[in-house]
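Quick heads-up: structures coming right below.
Next, two complexes with chain A in common: one pairs it with chain B, the other with chain C.
Let's turn to the complex of A and B:
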């Protein structure tokens, strides 16, 4: 699986963290604007899905696919949002496990438990970044290229 | 989900978006987000009973209990369908803009925990959107078939004007045949 990039948003829509692995196309706007646009899109998608669903749904929007990439969405009970862009082939259940693993083993351990990390602000901790990259790259679905 | 309730009502209701919805007190199959559809067999009109009384006042009075309440998911109106379809257009385009890779199309497939949405765009920008069960296969073939039916029974129809809703019997009949076939066999 090729991983393109990862965004982490808090419950208010603030971008807490961004990392990119393989990205061949950038938008013409600043990182903050792009994050706001992405958050707005996810917010609209969630409400769209909620309205369209035939039965009351528990998790709602999970992912969407285009011809070039798949956007995977994971939201915790505390409304923390993880957005991961990958290629179109990888199994969704494995990506979901990866995302829940990132939340459980990296975010909770190195961001929530860190006294230096301020809620609502960008995570600047280097330890967080290195542990995250290590976790993702050691996952059995990651493909290095 | 129809049940008889006694005073006091332990389900908390609120009036939102012109509908009486369940805000708190999820139990026995009645979930948060469900709408109050009928009271004692009489359907509700916004927040009023057919005789004009406000349903919240009605449910405050002890002598009106025990009362039979029917809850369910709100039916989607035609207007709402138009709104949702229009909402899909910009989301489709945003997917192209936010793509991390070159040459991306718009949203082709959208997965949730209760349904799957597939879309296909023609060269002229007409979009076909199918909402289906997660396990339904062959939707791509269905989308192609629908494009074929659109070309044959809508575009070639002398009484059909572009950009207007399609009201052709032949289109709907053949569409139903295609859908039945896909549901039964999984391919066309």
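Let's turn to the complex of A and C:
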């Protein structure tokens, strides 16, 4: 599976973290604008999806797929949002496991527990970035290219 | 101090316990005592004294691990709630999951009461923020 990029947003919509692995096309806007656009879209999608849902369910919006990529969405009970863009092939349950693993083993360990990381601000910690990249690249679904 | 601990602790708690969203305040109370306290302090307080509208409850702790080897000096014995940090933790953690609560100490074993009691009152549920449009 090719992983393209990862965004982490907090409960207020602030972009806490962004990392890119393989991205061949960029948008013409600044990173902040792109993040705001993405957050707004996800927020609207979630609300839309819940309203039109034919059955009562806890989860709601999980991902969308285009011919070029799949956007995977993971939200915790504390409203932290992880958005991962991948290729279209990998199984969704594996991606969800990867995302929940990123939350549990990387975010909680190296961001929440770090005194240098201020809630609501961009995570600048190099350790966090290194550990995240290591974790993703050692996952059995990651394909280097 | 407890509040700052609480806002971070909730992420650790959610990641390790994997519990989903609670359906109502009663379930929240049970999860706090049976899962949360157990995970971090190793004790499981009793949930009791619910108010008739189910918005307030008490946590009764028989053995408070924070106070296990502590004796309060005489000059503060009347005033100091030694484990008030626990109130802050509960308040901070619940705020991160969209509940605004008020917490207070009712009795404290360090002051000579037989057990420690914390009262938690739900003020309101916090709604999800709508992102601001600015173009």
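In the analysis below, the second predicted complex is superposed on the first by the 145 of 145 C-alpha atoms of A that agree within 3 Å, B and C clash if a C-alpha of one lies under 4 Å from a C-alpha of the other, contacts with A are read in each partner's own complex, and residues count from 1 in each chain.
Note that a contact is a pair of C-beta atoms (placed from the backbone, for glycine too) under 8 Å apart; a residue touches a chain by one contact, two chains touch by 3 or more.
Here the structure is a predicted model, which means the values were calculated and not measured.
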Fit or clash between chain C and chain B when superposed on chain A: fit
Which superposed partner A:11 touches (first chain B, second chain C, both, neither): second
Which of chain B and chain C A:112 touches, first, second, both or neither: second
Chain B versus chain C as contact partner of A:103, first or second or both or neither: second
Residue contacts with chain A in the superposition, chain B compared against chain C: B
Which of chain B and chain C A:93 touches, first, second, both or neither: neither
Partner chain(s) touched by A:30 [first = chain B, second = chain C, both, neither]: neither
First, second, both or neither for A:62, with chain B first and chain C second: first
Closest Cα approach, chain C to chain B, once both complexes are overlaid on chain A (Å): 6
Common interface positions of chain A, toward chain B and toward chain C: 58
Touch list for chain A against partner chain C, complex: 11-13, 36, 39-40, 43, 58, 76-80, 103-104, 107-108, 112-113, 119
Chain A - residues contacting chain B, complex: 4-5, 20, 22-25, 27, 34, 37-38, 41, 44-45, 48-49, 51-69, 71, 85, 92
Interface residues, chain B side, partner chain A - complex: 31-34, 73, 76, 80, 84, 87-88, 90-91, 94-115, 117, 131
Sites on chain C touched by chain A in the complex: 7-8, 10-12, 14-16, 19-21, 96-98, 128-131, 133
